[in-house]
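The following pair of complexes shares a single chain, chain A, combined with chain B in the former and chain C in the latter.
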Partner chain A sequence: MRQRSTFLFTTLAFGYAFLYLPIVILMVYSFNDSRIQSVWNGFSLRWYSSLFNNAQVIDAALLSLQIALISATIATVLGTLAGLSMTHMGRFKGRLLFTGLIAAPLIMPEVITGLSLLLVFVSTEQLIGWPESRGTMTIIIAHITFSMAFVAVIVQSRLSTVDKSLEEAAMDLGGRPYRVAIDITLPLIAPAMVAGWLLAFTLSLDDLVIASFVSGPGASTLPMVIFSKVRLGVAPDINALATLIITVVGIGVVIAGFVMQRRERARITEYKATR
Partner chain B sequence: MTIPMNEKIDNLQDDATTGNAQTENRHDSKAQPFIRIENLSKQFDGVAVVDSVNLDIYRGELFAILGSSGCGKTTLLRMLAGFETPSTGRVVIDGIDITGLPPYQRPVNMMVQSYAVFPHMTVEKNVAYGLKKEGVDKTRIGEQVAQILSLVQLSGYEKRKPHQLSGGQLQRVALARALVKKPKVLLLDEPLAALDKKLRERTQFELMNIQDELGITFVVVTHDQEEAMNLATRIAVMDDGRFVQTGTPTHVYEYPTNRFVADFVGTTNMFEGTVSQIANEHLLIDTGDFGVIKASPTPGVNEGNQVWLAVRPEKITISKESITSETTTCIKGVVTDLGYYGNRTIYRVTTETSAVIEISAQNQFRASEPILDSEDEVFVSWDLANSIVLKE
Partner chain C sequence: MNKRYGETADKAWRSFVIYLPYVWLLLFFLTPFLIVFKISFSDPVIAQPPFTPLFDWARNGMGAVYITFDNFLFLFEDDLYWMSYLKSVRVAAFSTLCCLLIGYPMAYAIARADTTTRNILLLLVILPFWTSFLLRVYAWMGMLSTNGLINKGLLSLGFIDEPMKLLYTDFAVYLGIVYSYLPFMILPLYATLQKLDLSIHEAASDLGATPFRVFIDITLPMSVTGIIAGCLLVFIPAIGEYVIPTLLGGEDSLMIGRQLFNEFFENRDWPVASAVATILLFILVIPIMLFQRYQITAGTNANE
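Here is the complex of A and B:
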């Protein structure tokens, strides 16, 4: 018994070390006074101040956030509509094919998505003169295209668990179809829409490959800037940036978890109270 | 809430005594039907689920459609609610053809088996939903919701969410939500199927009281024949997309017109035979295995006809002595099985020709030992008036 628990403990430790050690090292070295990564030269916040004075990085971060916000929102709207219509169309010929086509971008290699989108933009520019130049707009469009598929799949799976008789009941009580969609269907799939939005937002923030294909001069997202900076040698202010991002995300996750746990607990006590 | 049960029982007794002919027309034959279903059919992939159904339902009735699962009863109800488009035929309610109207424009409301209470709304909001869609002003909504909630005994539960309610409470929310719209017709699809036995029985009476109080015409779909009998003023028995018999509960139970109804509604001992002799007071039917059985003369049954005799288990007497009289059929046998249900005991008696007859006997007196036991030799007998003669 004793031996088995030691074994389990060791594996667990290794697993977590494998997952988190690189991140911890990165965070520690963001406070390193030295310019050289591997040499610890004492605690300092100089990379944080140099980060905030680095207009290029700040601008790229803001641009990335802007793109992520816009593309996630539009992707959620379009993806929800796609999911709704797929589940409400009933049975028709080729339904399976269309459902598959919605989900296909999920498994499409990013390089291919990026390349094909670039080809589209180039040819439309030649044909109708739009887009005049590639930049923020084309990145947003590209991000909507691939993240929409994720939202549609999430919304669709949630919709399939929503009892159809709820919508029928609302219609029976005098709700016209579009009102029923707003009153009943949307509140029920809202959690899926939020999840889809968050996923689309992260995917957009995270994306390097597709953005590199469809971007143009002057529009560099944060991943693009980081990647180009790292190619010229690891700059410690990127460590500082990464630490900040991880901290923000970490706090967000902890708060979300806390809120959800509290709500669940409240629900359970409420439920028990009624028994 | 007044209980008009006495009246109801009186009616039932009336039906029982007047029997066959008059029960069909409890309503003035000149009265305009409130719901008229004409030649209604529904096909799915070429298969008729509902097959040319005609039905008149009168104002204020509590009408039950009874059938086993898959007989098309729910599809029929969904056509009345507007969720299925009929392949042929039409539906007229209160003189208005509603066949082409979408659900949200029909003067009917439906309550489904799953109740479909909106999970993200409180009880109050669930009930108010229909009125809001009608554009009723807020104070009126508040009054009407409070009124209907007190009718279904849910006052004090206004702010509860559905997940905090029990099955019985959810059922009443769904009922209140449909009733608050004051529909011309309320459709109920297996309204009590999800409740446990005790609650179901109590709710049956509550439903009847509410229906009586509001005077709304109810159409109930159910597979539970006891529920249909207890609830309804009239029953339509449905099989394979068609109505096989329509009438009052007593009429359907005591005077089934065919073997399907006799067998589906309640339990029945069925004997097949040929009419061997028609006397003044009775028919003699030669059933082979069971010998000659006496029955009342039935119009349209002639000598030599092949017929079926249906006898209800509770109409048969089981005794240790043989009972012989002019009008009684008596068969000798041995008790092979018995089931004790507390209030009654079900005996299965095997005759000398190894055919089985089922008898249900009330346990009128307290006894620590069963009066009859397995392997006892017994006589089963019944009066000829209890033999139902069926031609199909």
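Here is the complex of A and C:
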């Protein structure tokens, strides 16, 4: 038994080292004064200052944030509705196709999703003159489409664990389905909706391939700018940018994780107390 | 408020909940594939958009359908595409296997840890998933370069005499895929392993089974759904991967996602790009359907 736990401990240690070492090293070298990655020339913040003076990067970051905010919000609404229809609506026409349509964006290779969405926009432009030009709007639509699937999965798994008796009680007392959904179900699944929104937000911020396909002239998102800079090799100011992004996201996720864990613990104690 | 009004409102609510996301997905997810399929049968022209319309209304007013198989013939005749498809499948399959071999013991160890440790370990697996995929791939560029940390480490330890070429090789592509997709393997594996009933293991051990036998005869068969889900979550997106082969692979790293991207953006040949996508979809139909079956059964299991 001892032998086995040593083995498991070693795999965990190596596994996590594999997952984290490249990021840690990248972060350390973002403070390197030298232009060449591997030569340590002393501590410096010069790449951070050059980053903040780079208007192209700042503009792209603002555009990406704007797209992520709008697309995550709409994706959360649509994804929550999709989750509700999967768990609360029983049978309806085309349910099987719907299930497929929700699961497919989770795994579809990005090049296919990107290409096909672009061709849809080109075709509708020919047929009905919309969209007049491609850019922010088309990227938002594309991001809503693939991230609503992630929201739907998160909301659906939450919905399947909530206690149905509250909703049933409300129905028995004459509550209309939409009132029950808004007054009872919505508060119950709110944490899942928040998690879904955050995931949709980061997926949108992170997307390169789909945005490259559906974007038009003038609309360059942050990943597009980063990619064009690192395509030819390591760029020190991108190290600085990566450090900033990873730190902010990391702190956010860790805080969210602790809050969730504390809530879960509170729920368990409460549950035990009532018994 | 009379009863009829209430019933109409109920129906309206029901349609709203079901059909708003449904129509969205039909418009922006299903229709796009049909259009890709359609354009893969048209001729490239130098125009905006660069393909001949499949329905030529102007020519004879009857909506004559114009179809060409040239794009598919072109793909079949050119070795480049065949080799790209084969290589993509090979790279994706081997990377999936590596992810499974690394991810399974990790998921097992996480599932067997006590609650507090388990939550922290799980958070550490999820964390990279939230941080930028592009930047995590980029992080390897510095590590693998000729004067990067790996080469410097190996040189100073005396394993090699001169720096190895690591970046822009197939090895780097495998490494990048395993690194990026490992969390996708661990999470479904963890989900099934954590649900296993440990009393069966105890019973088997009490009856004299060695830990190895318990693993082979009980743990492994009972975690098959997790293994399948994890493998599909890695294999399907990896096959069409564009960023990893472009940043880490060499010029000759012929993966089909990269080929499609180049066909589209550099050669501006949309019909051939569509034909590439259509064939890729046909290759993926079976794994995608398997995944959807898993999703549906996972959904019904959770509902019980």
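In this section, the second predicted complex is superposed on the first by the 232 of 275 C-alpha atoms of A that agree within 3 Å, B and C clash if a C-alpha of one lies under 4 Å from a C-alpha of the other, contacts with A are read in each partner's own complex, and residues count from 1 in each chain.
Just so we're on the same page, contacts are C-beta pairs under 8 Å (C-beta built on N, C-alpha and C of every residue); 3 or more make two chains touch, one makes a residue touch a chain.
Quantities reported herein were computed from a predicted structural model and do not represent experimental measurements.
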item: Superposed model, chain A: greater residue contact from chain B or chain C; value: C
item: Which superposed partner A:208 touches (first chain B, second chain C, both, neither); value: second
item: Touching partner for A:187 - first (chain B), second (chain C), both, neither; value: first
item: First (chain B), second (chain C), both or neither touched by A:11; value: second
item: First, second, both or neither for A:176, with chain B first and chain C second; value: both
item: Footprint overlap on chain A, comparing chain B with chain C; value: 176
item: Contact set on chain B toward chain A in their complex; value: 81-83, 102-104, 108-110, 112, 114, 116, 118-120, 129-130, 133-134, 160, 163-165, 174, 177-178, 181
item: Interfacial residue positions of chain A with respect to chain B in the complex; value: 163, 165-166, 168-176, 179, 183-184, 187-188, 267, 270-271, 274
item: Interface residues, chain A side, partner chain C - complex; value: 1, 4, 7-9, 11-12, 15-16, 18-20, 22-23, 25-26, 29, 36-39, 78-79, 81-82, 84-89, 92, 94, 98-113, 115-117, 119-120, 122-123, 126, 141-142, 144-145, 148, 152-153, 156-157, 160-161, 176-178, 181, 198-199, 202, 205-206, 208-209, 212-213, 223, 226-227, 230-231, 233-234, 238-239, 241-242, 245-246, 249-250, 253-254, 257, 261
item: Residue numbers on chain C that touch chain A, as the complex places them; value: 6, 9-10, 13-14, 16-18, 20-22, 24-33, 35-36, 39, 49, 53, 102-103, 105-106, 108-110, 112, 119, 121, 123-128, 130-136, 138-143, 145, 147-149, 152, 179, 182-183, 211, 232-233, 236-237, 239-243, 246-247, 257, 260-261, 264-265, 270, 273-274, 277, 280-281, 284, 288, 291-292, 295-296, 299, 302-303
